[in-house]
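Some structures to go through are shown next.
Look for chain A in each of the two complexes below; its partner is chain B in the first and chain C in the second.
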Partner chain A sequence: MPNTKLRRLRRWGATSVAVALGTTALAACGSSDDSEGEGKAESGPVSLTYWSWTPGMDKVADLWNEGPGRKDRVTVTVKKQASGDTLVTKILTAHKARKGPDLVQAEYQALPTLVSNDALADIAGEVDGVKDKFAEGVWQQTTLGSDAVYAIPQDSGPMMFYYRADLFKKYGLEVPTTWEQFADTARALKKKSPGTDLTTFSANDSGLFAGLAQQAGAKWWTTEGQKWKVAIDDAPTRRVADFWGGLVKEGAIDNQPMYTPAWNKALNTGKQIAWVSAVWAPGTLTTAAPDTKGKWAMAPLPQWSGGENVTGSWGGSSTAVTTDSRHKAAAAKFASWLNTDPEALTALAKEGGIYPAATTAQTSDAFTEPPAYFANQPDFYTRAADIAKTTAPSAWGPNVNVAYTTFKDAFASAAKNKSDFGAALRTMQDDTVADLEKQGFEVAE
Partner chain B sequence: MSSLAVRKAAPAAGTARGTVPGPAPRRRTALVPTLALLIGAAYCLLPVAWVVIAATKSGSELFSTFTFLPGTGLTENLKDLHAYRDGVYWKWMGNSALYAGLGALLSAAVSAISGYALAIYRFRGRETVFNILMAGVLMPPVILAVPQYLLMAEADLTDSYVSVLLPLVLSPYGVYLARIYAAAAVPSDVVEAGRMDGASELRIFTRIALPMMVPGLVTVFLFQFVAVWNNFLLPYIMLSDDEKFPITLGLFTLLEQGSNTPALYTLVITGALLAVVPLVALFLVIQRFWSLDLLSGAVKS
Partner chain C sequence: MTSARRRSYGVKGAPYAFLLPAAVLFALFFALPIGYAVWLSLHKVQVKGLGLGAGARSEVWAGLENYADTLSDSELLDGALRVLGYGALVIPVMLGLALVFALMLDTERVRLAPFTRLAIFLPYAVPGVVAAMLWGFLYLPDVSPFHFVLDRLGLPQPDLLDGGPLYIALSNIAVWGGTGFNMIVIYTSLRAIPAEVYEAARLDGATPLQIAVRIKIPMVAPSLVLTFFFSIIATLQVFSEPTTLKPLTNSVSTTWSPLMKVYQDAFGKGDIHSAAATAVVIAFVTLLLSFGFLRAANSRNKQEAAR
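Here is the complex of A and B:
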């Protein structure tokens, strides 16, 4: 089994590299650099550059430079970047000139894009035993379902349900444990207070929709032989789309986008009393709804059926070693230290405000106190760690950005016109497949 | 021909008003044009007013109080901005000033000498060169950023100050403007007279033509300065070290810090407001050079 998987990935890797770079000559040039780099890795002082957007990452790198790094004579310099799709473009541009940094921070859904452009090195040989530190569903995103390891998970964003505890009491609402109850809660609230919405469906946040689909069991991108299979318009995702589309259509929830001044205001004034979000929500709420501090509570995401216990993820990123690096072994060592060493993880949580992907770190000293905004829920992080364990596996492909863009376009108009979400989902599927084919990938029907 | 050009440009002095003899015509305010202009002014000024007012709000006031109600957090915001990562904002400000100031100066210099050459000398291929430049004017600089990056990478110059400055030096629009301006402002009679007196070509250019071209070059300088100050993509692709970032890039990193960290809106808004100040100051200082009247009078008409 591993053998066939490996072969599949190799073949897939080879075709996609050839397509992405246009010539096999460049790919060959890349591999000759690799062997040269490995030979050099062990001798002399090594200086590594790391592109990251996490605030305070330079301070965490200093811990390495003064501690384990000094011993190995490996110095890491952090160059702070802006996060998002633009960074992926920047990495790929730098890679084209073979000027990429040694290490990059990359969101999970960007990994297939980077790997298919041959920008990330396989560090499976350098990171023995690291796998056990992470939840299966998180780790699998960095291997792309193969034997290779393209990154070490850094932070994760298990999804949760946030609600105004005081207002739920006031309106006599129960915290929903299933999506059916969620819909009933939204309707009950509309009846009691027509001007108030339980939450909104935001067509601006593709990551949220992807996480919800992931919870329902969707696997948007999979490989079949040497072909990609896109299953955006399949049963689990359709279920999610129809559910939210139905709520928007009957007016049970709002249809305005999130992360706007109007949305901030709605949260701050109690016009919207719940938010489907992820573990990092306290930070967002602190700026979005400063007046309601201490009035919110967190609960697990509602489930599709009674006995289930699954969540999706929204956000999260990893540390990857690039193929441009001349010191892959040293870089891989730093990446493992950064994301598994207790001291590093505590510093990451403190300086960068991240929620670590490493399971032991989620219950470490840095997470005994709840976030200040949730002082009323002392067991916030204990519950969060339990929820994080239930993260469903996700399956990303090489053109997540295209799927995300079409989601925004198609669902924005569907939400605005309160029209059929199923049609929007079909558009998303068709555009994603069309783009894959345009890029030269083979797509299975 | 040359005198015509000079005379044509004369009204730019702006002294026409008040010299009209006879009783002033009765003025009737033209309602529709005035209204249209007022709406236009409001359209341009509202966002500026928003930035000014939003910069005074503290984090908790930003989204919760009325949009145009001034807040109480300006000094706090300035302090936070100053303290952010040991004052890296001022470093960005300095970088922007370097890129925009030096870049615009070099660009104005190159524009001056090439515009002058294209306007005064007749040589084979002059029109071809000029047409290529015209094509360059039509080409948005954005699409050149990636090829320029790849070129810089060949020369091992990426992630340096030079990598941002070098592509800015040649501005097709600047050369175009300088040529048009030199053709109008530097009469060929004056150049001829210089040659008769035995001045070298370089001396004619630096001592005679250049002073005549100053108002045009100021325009080129200002255009380039503003363009570089607001430039985003070129430095974004070229630079990876945030100590070398200009303000545009620096503020962008404050906005995009990943999903774990909320965007630092108050810092970005205050930073954006401060970033406009040098531009406004520059315009106020330099605009007086514009009123210089093409140094007319070198040739009697």
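Here is the complex of A and C:
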């Protein structure tokens, strides 16, 4: 999802436009407008439609159309989409009318929702040998713990710690390797320069919190037989919530949201000197803090106990074949090619700016040079690949969207009032369970 | 004879033929979607087991369950109260300003009237989302020029995106954008008042202020009712301003206004059924409030006419 993140800053604007269109979307909800998603059922040339938000995906598809696709007479047409949750809604609406495209891009946490709506096809039979190209923790997200395969991983977002190397030196700070040191660093900075914050706790991106919880060992959704178990309010996540809540309460860090003009300014002027983020951060920093190019450095995420070496992931997406597709085998073949073929992956990295999920691609030629913004750290991608290997497995459920929405409201209000983050976490757990039960899911206690 | 009968039949059918296009459009794009929304609101999704794979999800009859949930939802009530507070700020200020501007433009000795009229109207031409983004930048303490100036002058800098001031911040956007439109409506009806009326008043020795209060305002009362009616509906449906400001602050939740809750339920949580129920309730309340107001205004007019 790096490409999503690259444009996160512009998302404020994009969301606003979406707001203007929102009413229209409501009206159009019951109807379907895309009949081109269906290919011809007869033998002969096959034409596939692919909904993706990755910039330059059409160029990557052209490589297929002129290469392996030409041989099989399979043509892929890319239709550019809005990213993330907006696309999930659109896919589900199209699926309701049985007119979904053949292939869709989907974030990992959206897969259970899509599978639960029977929108994604099981392509286990078509993707032999693909599994080995990916890290275990990444692949497991596309199987939902079953024998089925619902998607092929495309990009991943291993989390890292970004900091202003020059200002850390100036304030005499050490790069924290544990969260305890992180808290001490925040406090030490406050003492030396009261107007400066180490970072902010932002409640407007649930993915960050989910990634941090994942690093702490949380498994928010698991299955027990035919029942779902929700463990959002369990020990690992509570540890994360209390940690950040404590820092906000004592005023050691800021409590204002990310991706605002004010946040950009804080990063650009050294008012905030670190950011817990993921591998796609260079893109975001390039637009948010252009004046500080070359002054940042990347380090592994602080750990909960010394000697540990785990990270979470924030973002990342996959390519899935829909149940509406009449050419599932051809679509699955394209999805495998797109995410495992070296030529395709290089093109994806170059045209789409993604960080590939396929492990061999992470050290390919496309990643020998550091991102321009991090020219001062030549081994950026070598270190990134090492960190990516330590990604903890994640566990998504069928109503991640509800948990994420509740997070935003509950934690925004807790951050604003500097009140108990534990209470906000309980709200998140309760609302998620209540929603599952309302829908009729069996929920284990 | 046959031709005569056909002709008379044709004349009889003519009104219906003329009505047909409007009726078809009404049925297709108004009645049918509303009917579908009501149908959705009476159903819900039922999941079996883990809810994975084909056939795990089905749409079942829910009766009034969604409505019961909607009406007992404290968040929706809170949202309604927030919107009420917002409306109590927006409507009097916006209509008051619109009336004052219209009266001022209607006086005889005003200079640069066309330019002023355009200048006051122009913000209405700015889309609400764009206006909210513009104001958002001006409100954010770290990037706001106002805060910069206040800081330089050593004055306190209020945070407009939090607590009570948030209502002022949101109202300000609506007032800025809506005053011009309402002013034009009132101004147009002021221009329609015949000049003889003023002449008679002046001969009777009325001052400009008396003319404004005793003659102009009563005579434009129907436009005031109309603008008030529109403003009530616009207030109940407030959506784009708070949604645009939401990413900038921790103080605006995703369910700040009732309509935001509908959007959140439908597209955030993917629960289109409860969203439909909430939408129907909002539509009903809007209808009740706005037509209740129109009725009250009409009966008052009749009373006055009877006097």
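Keep this in mind: the second predicted complex is superposed on the first by the 402 of 445 C-alpha atoms of A that agree within 3 Å, B and C clash if a C-alpha of one lies under 4 Å from a C-alpha of the other, contacts with A are read in each partner's own complex, and residues count from 1 in each chain.
In the analysis below, a residue touches a chain if its C-beta (ideal position, glycine included) is under 8 Å from a C-beta of that chain, and two chains touch if they have at least 3 such contacts.
Values in this document were obtained by computation on a predicted structure and should not be read as measured data.
Between chain B and chain C, more residues of chain A are touched by C.
Once the two complexes are overlaid on the shared chain, A:Lys265 sits against chain B and chain C alike. In the superposed model, A:Thr200 makes contact with neither chain B nor chain C. With both structures placed on the common chain, the touch criterion links A:Trp314 to chain B but leaves chain C unconnected. Contacts of A:Glu442 after superposition: chain C is touched, whereas chain B is not reached. Common to the chain B and chain C interfaces on chain A are residues 86, 261, 265.
Considering their complex, residues 59-60, 62-64, 146, 149-150, 153-154, 158-159, 236-237, 240-242, 249, 252-253, 255-263, 265 of chain B touch chain A. Against chain C, in their complex, chain A makes its touches with residues 11-13, 15-17, 19-20, 22-23, 25-27, 29-30, 85-86, 88-89, 92, 112-113, 115-118, 122, 144, 146, 148, 203-204, 223, 226-228, 255-257, 259-262, 265-266, 271, 323, 398-399, 401-402, 405, 408-409, 412-413, 415-416, 435, 438-442. Within the complex formed with chain B, the residues of chain A that make contact are 49, 51, 53-55, 79-84, 86, 90, 93-94, 96-99, 101, 155, 157, 207, 261, 264-265, 268-269, 278, 280, 283-284, 286-288, 290-291, 314-317, 352-355. On chain C, the positions that touch chain A within their shared complex are 33, 36, 44-57, 127-130, 132-133, 137, 140-143, 162, 239-240, 243-244, 247-251, 253-255, 262-264, 266-272.
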